[in-house]
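Following this line, the structures themselves.
Each of the next two complexes has subunit A plus one more chain, namely subunit B in the first and subunit C in the second.
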Partner chain A sequence: MTTLEAAERRAKRTVKETPAEKRDLRLSRALLWPALVVSLVLTQIPFLVTIYYSLQSWNLLRPADQEFVWFANYVTVFTGGDFIPSLISTVVITGTSVVLSVLFGLGIALLLDRKFHGQALARTLLITPFLVMPAAAALIWKWSILDANVGVLNWALGLVGIPEISWNTDLPLVTIIMVLTWQYTPFMMLIILAGLQSQSGEVLEAASVDGAGPIRTFVSMTLPHLRQYIEIAALLGSIMLLQVFDPIAIMTRGTGGTKTLSYLLYERAFVGLEVGEAAAYGVVTVIVTIIVASVALRTLFQIFATDGDK
Partner chain B sequence: MRTSPTRRRVALLGIATASVLVLSACAGAGGSGGGDSGGKVTLTLATVNNPQMKDMESLKDSFEKDNPDITIKFVQMEENDLRDSVTKDVATQGGQYDVVTVGSYEVPIWAGNDWLSDLTSLAGDDDDYDVDDLMPPIREALTVDDSLYAVPFYGESSFLMYNKDMFAAAGITMPDNPTWDEVASYAKQLKTADTAGICLRGKPGWGELFAPLTTVVQTFGGNWYNEDWEAEVDSPEFTEATQFYIDLVKEAGQPDPVSSGFTECLNLFSQGNAAMWYDATSAAGSLEDAASPVAGKVGYVHAPVKETAESGWLWSWNLAIPKTSKHQDAAWTFVSWATSKEYQQLVGTELGWSRVPPGARQSTYELPEYQEAASAFAGITNDVMNSVNPEQPGVDPQPWVGIQYVTIPEFQDIGNQVSQDLADVFAGRSELAGVLKSGQELAQKAGDKQK
Partner chain C sequence: MTAQTETRPSVPATETRAPAARKRRRSMAHRGRGAVLTLVTWIIVVLFFFPVAWMVFTAFKTEAAAATNPPVFITALSFDNFVGVFNRDIGPYLVNSIIASVASTLIVLLLAVPAAYALSIRPIKKVQDALFFFISTRFMPVAAGIIPIYLVLKSIGALDNITALSLLYVGINLPIAVWMMRSFFSEVPIEIVEASQIDGANFRVELTRVVLPIVAPGIAAVALICFIFAWNEYFLANLLTASAARTTPPFLGSFVDGRGQFLAILSAASTVAVLPVVAAGWIAQKQLVRGLAMGAIK
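After this line comes the complex of A and B, so read on.
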C-alpha cells in the first residue's frame, strides 16, 4: 500500500514539474554541496593517499630504502600466503558469530516478549554484555572466565568431571567466537525484541482463532514478520564484526586461525612497520570485503526471503 | 522490485565498510612540540607507562625547581604505542619529541639511521655523571662504533626463580648455576595436578615467547644468524632448543601456554602454583612485595645453561635525544638528571628504596639502603647483569650486539610470525620442522638485506 502511494507520488512529480519547483530543487541541491565536499574530502583523500603509499616500498626503520615499486606490494599480498587464510578466518569468525548471536538473540527476545515480574531488570542485565567495552570484555573473558589458573569456566567443568581445557592454546577459534557471540547476542536481541513488540496482537489472536498452534503461529506469522528485523540485525552485526580486533589482540594474538584481516593489517603496519605493504593490504581488504559482503549478505537474505509478502 | 532494497543495503554496507577501513588505516599521530617562549623551554618526553616512569613523572617537580627555565611535558604510552608513535615521529622528522624512551633493541637501529644525537662527549665530559658507572653490558648494547647514543634508565636480565618451600618439601637442592637438563628433571619431579613444575612464556610476540626462548636457543648453541648473516633458524641446535622448550612446557609447564606471558606467569608463580619460573630479574620486585603471598619464600639463581657459561638476557629502557629536537642542551640536562646517581637518591628518599630503578648503574647495588630493601635479589641481579655478554651470548660469534633480539628492523616481524606459528606447535596443530623451515625463509630474506 505505502509503496504504491510513494510510487504514485514520484510519478506525479516527474510528470509535471513547474519552474518554481525546479528552482527549489536546484537550491536544495546546492545546499547539499558543502556536506558532500566535506565527506568526499574526509573519505576519498585518505583512500587516495593509501593507494599512493601502497605503491611504495617503505619500512619505517629503513628510511633510506624508500622507493616507488609499482605493484610489488600487491604481488606480496597475493603470493605471501597470509591473505587468503586471513580472509577465511574473517569470514568464519564473522559468519559464525553473527549466525549464533542472531539465534540466541531470537531465543532470548521470545522469552523476554511477555509480561513478568522484574522484566525491566532482566532486560537491562541481558543488554549489559553489549555495553561493556570490547577490550574490557576480552580481559574479563581472558582472566575471570577462561584462565587456566583462576578461571571460572574450568573450575565449573571440573565440578562435573570434565578435565580442564586450555582455551587459547587448543581452541582459539572457539574462544573468539564464544566471546563475540556473548557480546553481540544482546544487540541482536534488542532489534528482534523491537520487532516482536511491533507485531499486532490481533493478527496473533486471529491465527489462534483459526486453529494455529504456537509453533505454526511462530513459523507462519511471527518469523515472516521478523524477517526485516533479522536482516537489519545481521547486516549491522556483520559490519561491526568485520572490524573485530580487541579480543584477538588480547586473547589469541592471531594464532590458530584467528588472524582476521583487521589484525593482519595491524601486524603489517605496527609490528612489521611495512607501510607500503600494509597500505596494499588495506586497499585489497576494502575491495574484497565489499565483494564478499555483497555475496554473503545476498545469500543470507535469500534464505529468509519468502514469496508472497511485501 | 524484490532485489532493489537488498542491493541498496548491500551497497550501503560496502560504502560503510570501505570508509571505516580507510579511516582506520590512516589514524595518524597528532600533538604538538614545545616551543621557546622568552628563554623558557618545554621539553616533550615520550615514555612507556611502566611504574618506574610514573615515579619519574611524580618527581619532575624537583627537576623543574632546580631548572626553572625548563618544563617537562610527559607523554606516557603503552609499549607498542610508544614504539609506533616515536618511530613514526622520528622517521618522518616530525620533531614532536625532545626526549624519547627507547628499548635497547631499537637504539643501534636508530643510531644507524642517524636519528639519535651522539651523547658520548656530553656524558663523558661530565664528571658528576660518571658514565663508567653505567652497567657495562648495557653500555655496550647502546654503543655503536664507539659512540654512546642512549643512556639506561633501568635495565634487567633474566634468572631462574624457584619456590624454596616446594624444593625443601621434595628434598631437592637448587644449584647456583643450574643446567637446563637439571631444571627439566626438577620440573617433572615437582609437577602435580595443581602446580606447574615451571612457568615459561608461550604468548606469541618477539618480546614475549622469544625473550626466554632466544636465550635457550643461544645456550643450546643455536642462533638466529651466523656471523655472515646467514639465517640458522632451521639448524639442528635451534630445533633441539625449541623442541626442548615446548616439550618441557607440555610435560611439566603451566596449562594454556599460549595465554601465558610475563604477567600470567607472575600471577601463577606468586600464588604458589608453580615451582619455578624463568623470567626477567625485574619480576623479583613484585615477588618480594609485602602483598605477595610468596614473599621471602623465593630463591634466585643464574639462568639455566647448556653449552654456554651464562644465559641471562639483557634489556634496558633508555633515554635518548632525537636529532630533530630543537632543545638539545635542555634535553641533555633532563636526561642526565633522570639517569644520575642523585636521581636514585631522590627516588629512595621520596618514594622508598625498593622503587629505585634497578639495573642501570653499578653504584645502585652499593647503596646500603637499597641492599637492605632488595636483599633477596639485589646481589644476584647485579651479578647476572655484570656477567652476561651481549657481544657473543651464544656459542658462536654473531654480527650484532644484543641478547634475546637481533638488531635489524625486520626482527620484530620475524619473531612475531615464528612465535605465532609456534603456538600451533604447542597446540599440536602443526609440526615444529615445518614452522622453523618457514621461519628460516623469512629470516634469510631479512638477513640478505644486512649483507
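After this line comes the complex of A and C, so read on.
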C-alpha cells in the first residue's frame, strides 16, 4: 500500500462527523497546534518583520533617524553594484557544487551498489564528510590541506609534477567549491543509493535475460528510474547550498567572488549595521530561494503522484 | 542494506559444452572487471576520507612535525595536543554545545511527534495545507528572520544566552522533523490503529502501546538528524553568542594563531569537536540513511 492511498483512506474516516469524530478532530488540532505556533513565532513572524524593516531607512549607529522610505532600500540593492556580483557568486557556487556533488554522488552510488569486500566500511567512511562539522572542515581544509606552504594537497600535486598553487589567495572560489562538493557528495550519494536499491531486481534480471548489456540496461532502465531521485537530491542540495555561510565566513571572508547573498546580508547587517538595506537583501534572498523551492516542491508532489499510480 | 542478492538463472542440464565454456570465460572476465571496480571504489573512498584521517593524524603530531613540507608520515605520536585543547578550556564550549543540541532535539521531538501523528494517523481537514506550511518553512533561509531575531534578543538582553540559542535551533529543526516523522508515521498500517480503537484503546494507549513502538526507529532517525544539525550549527552560534553561551563551532577558530604554529592543536580541537556526531552517525548509520531517504523522498 502506498502512502497516498493510506492517506486517502485515513482522510475518508473524517468525512462523516459523529460526535466521536468531532472529538477526534479536536484532538488532532490540539496535537498539531503547538508545533504550528512554535514554527510561526520562530520563523514566519520574524520574516514579516524583516519585510517591514526592509521598507525603513535605519542604521543602528543612528537609531533616532529611523523612517519609512517605501522601496528605497530595494533601489539601493538593485542599483548599488553589489547585488549582481553577489547573485552571480551565489549561483556559481551553488550550481557548480550541486552539479559536481550529484555527478560524484551518482558515480559512487553505482560503485557502492555492488557486492564487494568491505562494502559496509566503504559506505561508512564515505558518509563521514557529511557528518563532520562544517566549521571544523573549513578550518582543516584551509590551513592543513590547502595552505600554500605546508598544505598536503600541494605536496601531493608536486608528486605528479604540478607546481605549487596558492589556493587560499589565488583561487578562493575554487576552494569553496571543493569543500562544498566534498561535504555534499555523501548526501547526494545516499539519496541516489536509496533510489538504486528501490529498483526492482526482477526487471533488471528480465532485461539481462532479454540480452540487454549493462550499458544498455543502465541508460534505458536505471537512469530513468533514478531521475526523480537525482532531481530531488539536486533540488534539496540547491536549497541548502543557497544559504551556505560557514566555509565562506571561515575560509575566504567573501573575497575573490565568494560573497554570496547570505554573506552579503551578514556583512551589511552586522558589520555595516544597515538594518533596512540588509533586510531588503534578506527579502531578495528569500525570493531567490522560493523560486528554487517551488520547483523542488513541484517535483516532490510529482513523486507523491507517481507513487499513487503504482 | 546495500547487499543485493545476485540470483543468476541456473544453467539448464541439457546445455551443450561449448556455451558453458563461453559462459565460464565470460564470468572470469566479469570477475576481473569486478576487481577493477572494487579497486576504483576504494581509491575514491580513501580520497574522500583523507581530510578526516589527516586531521586525526595531525592531532597526534607535535606542532613542529605538523607543519612541514614535505609532510612527515612517520613521527612520534602523543595525546599532548588533546591535553592542550582542554587546557585552553574547550570544556565549557562543549557543554554549551551539548545543552543546545540535546535540549533542542528533545523539544523538537515533543512538538513534532504529536504533530506528525495528527497529520498522518488522525488527519484533520486541510492536511495538505499544514504539510505545505511545514515544508515551506523548511525552505526558509535563516537570512529571512535573523535581523529581527537579533534585535529582539538584544533588546531583551538575551544575546549570549544558551536558552535562546536552543529555542532558535528548535525553530530550524522542527519543520524537517515534522516532515520526516510524518513519512515514518504513514508507514504504520492503518488496520492496526483501527483494531486498537475497536478494542477500546483510548488515545494515550493507542499512541504509546501501538503507534510509538512501530515508529521508534523513525524517531531515532529524526532525533539523530536534529542533533547533527544543532551540534554543527555555526551561523547563529557565531552571531548570537559571545562567551558564556558560545558553542564549539565558533570557538574552533580561536585555535588559529597568526604568530606561531597551530596546525596540531587546531586538528586536535577539531577532532574533539567532530567526534560526537561522527561517532553517532557511524553507529546509527542505518537510521541516518533511512531518515535522509524518507525526509528527502516521501
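A few notes on this one:
Rule of thumb we're sticking to: the second predicted complex is superposed on the first by the 243 of 310 C-alpha atoms of A that agree within 3 Å, B and C clash if a C-alpha of one lies under 4 Å from a C-alpha of the other, contacts with A are read in each partner's own complex, and residues count from 1 in each chain.
Going forward, a contact is a pair of C-beta atoms (placed from the backbone, for glycine too) under 8 Å apart; a residue touches a chain by one contact, two chains touch by 3 or more.
These numbers were taken from a predicted model, which means no experiment stands behind them.
In the superposition on chain A, contact of A:F71 is made with neither subunit B nor subunit C. With both structures placed on the common chain, the touch criterion links A:I239 to subunit B and to subunit C. Look at A:P63: by the touch rule set out above, it reaches subunit B but stays clear of subunit C. By the touch criterion stated above, A:I108 is placed in contact with subunit C alone, subunit B being left untouched.
Shared-chain residue A:L265: touches subunit B and subunit C both. With both structures placed on the common chain, the touch criterion links A:T289 to subunit B and to subunit C. In the overlay built on the shared chain, the residue A:N168 is in contact with subunit B alone; subunit C does not reach it.
Touched residues of subunit A, counted separately for subunit B and subunit C, are more numerous for C. Of the two partner chains placed around the shared chain by superposition, subunit B is the only one that A:M251 touches, whereas subunit C remains out of contact. Residue contacts after overlaying the shared chain place A:L36 against subunit C, while subunit B stays out of touching range.
Overlap of the subunit B and subunit C interfaces on subunit A comprises residues 42-43, 46-47, 49-50, 149-150, 239, 242-243, 262, 265, 269-270, 278-279, 282, 285-286, 289-290, 293, 297. On the subunit B side of its complex with subunit A, the touching residues are 2, 6, 9-10, 13-14, 16-26, 80, 84, 87-88, 91, 109-110, 113, 202-205, 254-259, 264, 267-268, 271, 273, 409-410, 412-413, 416, 420, 423-424, 426-429, 449. Across the interface of their complex, subunit C is touched by residues 1, 3, 6-7, 9-11, 14, 24-25, 27-29, 31-32, 34-36, 38-39, 41-47, 49-50, 53, 107-108, 111-120, 122-137, 139-141, 143-145, 149-150, 152, 154-155, 158, 182, 185-187, 190-191, 193-195, 197, 201, 205, 209, 229, 232-233, 236, 239, 242-243, 245-246, 249-250, 261-262, 265-266, 269-270, 275, 278-279, 281-283, 285-286, 289-290, 293, 296-297, 300, 303 of subunit A. Subunit C contributes residues 1-7, 9, 34, 37-38, 40-42, 44-45, 48-49, 51-52, 54-55, 58, 66-71, 111-112, 114-115, 117-125, 127, 130, 132-137, 139-151, 167-168, 170-171, 174-175, 178, 183, 186-187, 189-190, 203, 228, 231-232, 234-235, 238-239, 248-250, 252-253, 255-256, 262-263, 266-267, 270, 273-274, 277-278, 281-282, 285, 288-289, 292-293, 296-298 to its touches with subunit A in the complex. Considering their complex, residues 42-43, 46-47, 49-50, 59-64, 142, 146-150, 164, 166-170, 172, 231, 235, 238-239, 242-243, 251-256, 259, 262, 265, 267, 269-274, 278-279, 282, 285-286, 289-290, 293-294, 297-298, 301, 305 of subunit A touch subunit B.
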